[in-house]
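Take a look at the structures listed below.
Two complexes are shown next, each including chain A; its partner changes from chain B in the first to chain C in the second.
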Partner chain A sequence: MSSLCLQRLQEERKKWRKDHPFGFFAKPTKKQDGSMNLQKWEAGIPGKEGTLWKDGVYPVTIEYPDDYPSKPPKVKFPAGFYHPNIYPSGTVCLSILNEDQDWRPAITLKQIALGIQDLLDSPNPDSPAQEPAWRAFSKNKKEYERNVIEQAKEYTK
Partner chain B sequence: MSNSKVNAIPESVPLHRSTVQELHSWRTRDISAIFNETRSQFSNTLNQLAETDLKDASSLSSLAQVYKDFQNLESQQKVLQGNITDAKTRYRTQSDELPPVTWENWDAYREGRLQAPKLSNVFADVEREKKGNARAMPNDSLSRLFKALPHILADPQCILPDERTDDDLQIEGGRIELTCPITCMPFKKPMISRKCGHVFDFDGIEQHLAGQPTKDCPQSGCGQKVAMKDLIRDEVMELRCKVAATKSTSAKAEEALHTV
Partner chain C sequence: MAYSVKLSDYLDGDEDSVILEFESDSEIDELGEVDEDSSHSYSEVNEFSDGPSDKKDTGGSRYLDADQKKPSWGRGLTEMAYESSGVPKLAYSCLTTDQMFDLILARLERIQPIFEISYGDIIVMLQKYGWSEERLLEDWTEDQERVLVSCGLKLATSSNRSRGIQDHSDFVCNICCESNKQRTFRLECGHEYCIECYKHYIKDKLLEGKIISCMSCSLALKNPDIDAIVGDNSSQTLMRSSIKGFIHKHNNHYKWCPFVDCNCVIQVTNISALSEFPRFHLSPFVVCNNHHRFCFKCGLESHAPGDCQVAEVWVKMAQLESANLNWVLKNTKECPKCGVNIEKNGGCNHMTCQSCEYEFCWICELPWEGHGGGFFECTRFSKDEKNGATETKNSLRKYTFYYKLFSEHENSSKLDWALGLAVEQKVRALQENIGISWIETQFLPESIRSLIEGRTTLKWSFPVAFYSDPSHNLTKIFVDNQALLVSAVEDLSQLLQVKDPHDIIARKLEFYNKARFVQSRNRALSECGRDLLCKRICVPRG
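What follows is the complex of A and B.
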């Protein structure tokens, strides 16, 4: 890991502890020996009030590559997570997390977390990442809504 | 001309070969060292003020004017030096075009049929011609710092009056961040991109570029590219950080005093 990556992640942690949006959590994981792994975090993204997602806090893992912040972190939901822009593996397809699109080193954890929360209820129909949720979202809204509400129950606050 | 009084001796004669050397030796004293010394004293004053936790910085706005006056003085001195050099060259050229004084042409010079230039007239001509294109002093970094100082002393994170038109600065809630967006650490050596005005720490941007000639500006939403050659020292940000450090030290000292 570069010194920049480590330094930045320490600052990200400080910043998050000092101030983070309501209902979210994020913390570095522990290595087997019990020490902190700053390159892999666990976080919870709450669904927005007034949306189909409101009852859940959705778990994600955030993995920072060695050349972070030049390269973006990889954000993953549990495999099989139901959302049009999330791959079967759970990987999130979001422009600000794509090095070739809108990722910039200045983007902070807070912005990423809020960006993912936005994505939950505002899927992008132009970049499908999985078959079931995308098909239901574009062809059968009733089924889509039912599935989203059902999924929220699995991840209740 | 012929009707008027004819001089007993010529009013002026061409420069004699033996006096050319003397003409060359006439020059203005070089006082640039004095100006440089004064400028460094201005700079010291600025730094001392940044390290003083002034409660009322409003009176400091006159410092910007004092510095401006100093700049004008220096610019006038430079213009004067330039004019003297120009006048000497022109005088010499005009003089060289005329035949040297001899017994044969003495009368021609005396009666004004041949007219040699006069140094004082040539100098007056040059001054008159150059008057129109007197350059306004450029805003050097010290003059910008003096203008910014009262605002920054009042609030190190304030948006300066001349920054208000730039709508894509790194502003969060109308405040300028004193941390690098790449390292997220307080600025150590802030560098500003001349293209987009975004500021990064030298170490952060250097590691981000990682030897590549150019990359997208690290600030999100900025459409500019950035290269090492686009980055210059951001002295305003340095001043902000220095003042912020002073304020935080003095706040801590005050706090300690209260606990005692």
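What follows is the complex of A and C.
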């Protein structure tokens, strides 16, 4: 791991502990020897109040590559997560997490977390990443809503 | 004895109208010189399989001249096609990345007066617009402000912050999170980061040739900013890399050479000619400055004698089949009677084919009758291989057969490229040790090129053979031609192993002759393959 990557991640952790949005959590994982693995984090994204997603806190893993912050981290939900812009593997398809699109080295963990929370209730039907949720979202809203509420119950606060 | 068949006779598709023309041996010897007559003929010259005759002795310099035409036989082919059968010739040139950039600048020169901003900024806008000049001009005439803002060349709201490198005494950079930074950079947006982080960020992006924007928002860095930060003229590197996007957008006119580490760009000036090629089962092959021959239509290496369709079907099949094939070959046997593939997933050796109900022994593949009680061990097993007839029965077997040959020749041509590098060293040794002029040593690289082109043609002749009707006479002639090219190529390949520089010079003529011979065999095989395609004896099926 480059020193730039490590230093930045330590700072990201400091900043997050000092100030993070309500209802969110994020912490680095532990390596097998018990030391902290700053390149892999576990986080929880709460659904926004007043949306279909409100009852859940959705778990994600955030993996930072060695060339972070030049390259964006990879954010994953559990495999099979139901959302039009999340791949079957759980990988999130979001422009700010795409190096060729809107990723900027200055983007912080807080911005990423809030970006994903936004994505939950405002999916982008123009860049579908999985078939079931995308099809339901664009063809059968009732079924989509039912599935989202059902999924929220799996991840209750 | 040799015969040739006129192309015009092929085009009417009537098999019976094939006219066999008998030519004297000496005419064949002239094959290289008389392209007009012979490039559309394939010849069978069994007597010559041990190399061309030495009648060429007097023609040393003559061949040199002919060889110096860069795309030696391919060029002859297209030129002749134009004259005798109306196929338009592909007009192309090979550009270096620098020439390519100059070409883009020349285009920009024409539109620059409309914009009245710097070339660098126009390139930024064009990149944002995917190099579509029309769309950019349209939007520009409608609303300049909006275009500038959307391309990150201007802030949406005016700002009084200064742009450029700033000096501080103690600045904390939010990218690297280090304090005590003295030099920073910011654009009018005010997002300010240390100069080291910016340098790192820019260097990472230079070769991508895309817009480099602020590390926090989409305001674009301009060329002077980039140069000021990195401290040299890096923006030139970025500008030169931007040709990638241009070529991508205009990919019907321009193509990168597909060979590894080759930065040549081929520009075709008469693209209307491209659509004419398939009709004649020809492919628009082009040769870059590094002598890499590839097909301008499909972007694959030269795949003569096959046309683009053969190449496409074959490549697709190879991708689909290879994994499957390995498994099938490893785990199944075909029923000796009906040829269906059978997987044995347990049980005894007494097999009953589910498709034809034939009963046989898994081990010896003979009828079960007569095996008596020997359920687990076959005593009749003998090692004699099955004869070749059953092998070709099964299409999978047949495919494997050709695929193996194809990939063997692929490997050989990879080795030939390595040989080519060794030859370059030899040339240098010749120049330095014996004091021979550069031009006099050119027969070596020419030979290696003939060798590589010969191998490539051989390699792609296997897909053609695979898709051809094996019973047709022309297919048999094609296979004979293959064998002749194989022996010619191997001969030349062996000659190129000679190490002693004096020996090389002494055998110069032999190099010429063998290379010449490979070229003429190559041409003959290519033409024969094309005839197979034109007469629909070879039909690629997916």
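As a working rule, the second predicted complex is superposed on the first by the 157 of 157 C-alpha atoms of A that agree within 3 Å, B and C clash if a C-alpha of one lies under 4 Å from a C-alpha of the other, contacts with A are read in each partner's own complex, and residues count from 1 in each chain.
To be clear about the criterion, a contact is a pair of C-beta atoms (placed from the backbone, for glycine too) under 8 Å apart; a residue touches a chain by one contact, two chains touch by 3 or more.
On a predicted model such as this, the values are computed, not experimentally measured, just so you know.
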Answer with clash or fit: chain B and chain C placed together on chain A by superposition. clash
So, A:Pro69: does it touch chain B (first), chain C (second), both, or neither? both
In the superposed arrangement, which partner chain does A:Ile96 touch: chain B (first), chain C (second), both, or neither? first
For A:Ala106, decide between first (touching chain B), second (touching chain C), both and neither. both
Just chain B (first), just chain C (second), both, or neither: which does A:Glu11 touch? both
Tell me which of chain B and chain C touches more residues of chain A. B
Who does A:Glu145 touch here: chain B (first), chain C (second), both, or neither? neither
Counting clashing C-alpha atoms after the superposition, which of 117-125, 207-215 or 333-341 on chain C is the one that bumps into chain B? 207-215
What residues on chain A does chain C touch that chain B touches too? 4, 7-8, 11, 67, 69-70, 102, 104-108
Could you list, by residue number, the parts of chain A that touch chain B in their complex? 2-4, 7-8, 11-12, 15, 67, 69-70, 96, 102, 104-108, 111
Spell out the part of chain A that touches chain C in their complex, as residue ranges. 4, 7-8, 10-11, 67, 69-70, 100, 102, 104-108
For the complex, give me every residue of chain C touching chain A. 174-178, 191, 193, 197, 200-201, 204, 210, 213-218
Complex contact set, residues of chain B against chain A: 170, 179, 181-185, 203-204, 207-208, 210, 216-222
